[in-house]
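Heads up, there are several structures right after this.
Both complexes below contain subunit A, partnered by subunit B and then by subunit C.
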Partner chain A sequence: MTDTDIYGVLPEALWSQPEIDLSGIAEFDGVEAIQRVRLPASITYDYIPGLAQTRFLRGLAQKKILGERSAQSGDVYVPPRGMSPAEGLPTSEQVELPHKGSVASFCVVHIGFGTNAPPTPFCSALVLLDGASVSVYGPIQEIPYDQVRIGMRVEPVWVDDDQLAPSFESIKWWRPIDEPDVPAESLKGHM
Partner chain B sequence: MTAATSASFQRAPRDVAIVSVAQSRHERAIVDRNEVELIQPVIQQALEQVGVQKGEIDFTCSGSSDYLAGQAFSFVMTLDAVGAWPPIAESHVEMDGAWALYEAWVKIQSGHADTALIYSYGKSSPGDLPHVLSRQLDPYYYQPLWPDAVALAGIQARQMLDAGKITPERMAEIAFVSREAARTNPNAQLQGSAPVAELLAADYLSDPLRRHDCAPISDGGVAVVLAAGDRAKRWADRPAWIRGIDHRIDSHNFGARDLTVAPSAALAAANAGVAFDKVDVAELHAPFTPQHQLLVDALGLGDDVSVNPSGGALAANPMMAAGLIRLGEVANRIMSGEVDRGVAHATSGHLLQQNLVAVLEGA
Partner chain C sequence: MGDAALPADLLRADLAIEYPFNRTTGPVIGAFFTGLRERVLVGIRGADGRVICPPVEYDPVTSAPLTELVKVGDEGTITSWSWVPSPRASQALAEPHALAMIRLDGADTALLHVVAADGPEAVATGARVRAHWADEREGGVTDIAYFELTGEHEGTEA
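Take a look at the complex of A and B:
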């Protein structure tokens, strides 16, 4: 098969397995070629979130969003990893962030992956919480997907109190609040 | 016993030295901190010891493996510890940090950098290490059988016993001496040992290996600063100059190897110039006692050499870091003026498959 032939049958041929040619090996004459072996393997790990992420996850179980501030730059990171990556130094101060933010970017999902994906189409977005320097990720609901826009004000929708857990899944989704949009310029550097 | 010939040794064009070393306290399981929280204070200490500001490091290189803690791209997350903004020149090896140091050394030799930060870390506690290590084997013939690392080392030990290259008594003595030496190593995980007779009375872990023959499973990390020429002299009163460094590899198919020798270690030692002068101290990366003896033989180390005064990997064995720690332990002894010339060895893979040897000197 020449390259032209391959391009001619795109896209099906793009990921196909070429025929294996064993004709040069006499011993393989008439032997069925093995094209695939399945060797399943799995390893189980404990997850160690670390000091900062443990604080963050435990905060979620109490309906709190805890960021951490760099003493050098003043930047507030959420979710925190314990470090200010720009300085390479530990974040020094825990900051409880308000439950309000602005959409910094979004996309409309037409093919949902994963078991927890909302019915399609839906909006997934980056939300810059007020006072934070980086955005958090989450779906936007309770508004038609084609009305979501950058700068739109949103708030988290939490699971019922008895379902709260040290997990980001404690926030079900984000929804609009009745506040004027912020100008996109105010999100520069965080988009 | 060494196959060492010195024909291939060439002095490198640039003088490069280790000028700073920092380590974590190695523990069986660090359960509060994640990897970046583990390594950041170590990196910070290594930089502060030589008064280096962010931006004065030309090249950063790390060694780690996502398989250990089961964290995909964990090395990208640990870059949070180095202040990679504005963007820095950075690289990573899925190997022990000793190979990250080698990459940095080559970068400096090539003239593309004068200074380098090298760090490596391993958190083995989240997984089942002896089985996790089976994932670095041949994926078709060995991996599906899940051979554990201790059992493989037992096969090597059996060959060495059968060949008369070691005895159970000598194995126990190596364990005893290493862990007693570690009493003066504040970072060691195991400090002190039961007497040899008591060790020999213990049950087998994987016959012929007893528990004392095996390195502990450790969480920990290390950071090293390299500098060339005058910069090294400014940053350290007595830099530990890397006078020779080489790494070599034996077949990954250990069924095709004589496991009682390590030709790649001997060749790396010859190319690093180990035999050119008296060796005061040697730090060997031997996670199992028979491998300690094998390396002493392969590197041609005489009875007058102080071997593993830190306790070696038998006292603390953070994966991906224990080899770079050997370079750090030798460098510290040179920088302090305690010794003039030392040899550091690092290994990677199963059964001493890959070996790196460096010669460090105070002058």
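Take a look at the complex of A and C:
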């Protein structure tokens, strides 16, 4: 994919500067002028996900979605951070979540980037797994992007078994399942 | 808590976060980059007739818009420099090198670039350098892989 595919052609008269004079330089005859440059800014870092997320990521390698429940509120956090952000207390009870959820929120992505981004436009959603208190992120596929709706029931599509890894990329995307939508009100407060 | 206290089976990964900025250059910087791709260095004539390289869009003294691009040489003179003893991964050369302000022939201001040299004792203010062009050029300052010392010094004949 070229930059022009992603960003389109620069409009005429985009720049306010006056026309430049290149007449004295033969090397510019007939060459295409550079109008933009790619200047990626990056940092690399050593990421240690911690105990709770290590459990979660190792679960994904076995096609398990693991969360943790707060003993005080009963809220189930996934991915777990090892503590409840609402109470500031450890979440010690492990919970295995079902492979079913509802679209809690979504947007249509027109400029995709990242190593595994689907072709644009695609639908990117927050999925509230049944029994969870917070949503997980994932792309929605196997349905036209403009037919995705809040409350739609979905399930994860996993990579092939020999590709499973302790990574959220073990879930390729989410797809609709043949169940009636849940009311949007039931998703409130769970994004 | 130091690493020694962490369980051995804790996951760990090298991650990178990257912002894929794609910036428009404007006509003046665009011409400078276009020139680099075509192996020609350009500056711009200021309101007082001096040649500014790398070119700027507005005169540094009068703020008048500048439009007359002029070719400058791909050799020049070091006006100031600093030695980089331990280059980091993103730097232009993996080996120790100099970062130098280089006044190209035909220009009145200096350009910052990399100078390849065996050691700091080989570099000096006034030393003459020549652009070493990258084999693959796409329109950017790294189209000059580095400057190399010619062995000459300003004011002396080779």
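Keep in mind that, in the parts below, the second predicted complex is superposed on the first by the 144 of 191 C-alpha atoms of A that agree within 3 Å, B and C clash if a C-alpha of one lies under 4 Å from a C-alpha of the other, contacts with A are read in each partner's own complex, and residues count from 1 in each chain.
Methods note: contacts are C-beta pairs under 8 Å (C-beta built on N, C-alpha and C of every residue); 3 or more make two chains touch, one makes a residue touch a chain.
These figures come from a predicted structure and were not determined experimentally.
In the superposed model, A:Asp46 lies in contact with both subunit B and subunit C.
In the superposition on chain A, A:Arg58 contacts subunit C only, with no contact to subunit B. Contact with both subunit B and subunit C is seen for A:Val37 once the two complexes are overlaid on the shared chain. Contacts of A:Asp21 after superposition: subunit C is touched, whereas subunit B is not reached. Shared-chain residue A:His190: touches no atom of subunit B or subunit C. With both structures placed on the common chain, the touch criterion links A:Lys172 to neither subunit B nor subunit C. Touch criterion met: A:Pro85 reaches subunit B, while subunit C stays clear of it. Put subunit B and subunit C next to each other and count what each touches on subunit A; the higher total goes to C.
Residues 37, 39, 41, 43-51, 53-54 of subunit A touch subunit B in one complex and subunit C in the other.
Of all the residues in subunit B, the ones that touch subunit A in their complex are 30-37, 40, 43-44, 54, 67, 69-70, 77, 79-85, 123, 125-128, 131-132, 135, 139-140, 143-144. On subunit A, the positions that touch subunit C within their shared complex are 3, 6-7, 10, 14-15, 17-22, 24-25, 27-28, 31-51, 53-54, 57-58, 113, 166. Touching subunit B in their complex are the following residues of subunit A: 37, 39, 41, 43-54, 81-90. Residues 6-7, 9-28, 30-31, 33-35, 37-40, 42, 57, 65, 67-71, 139-140 of subunit C are the ones touching subunit A in the complex.
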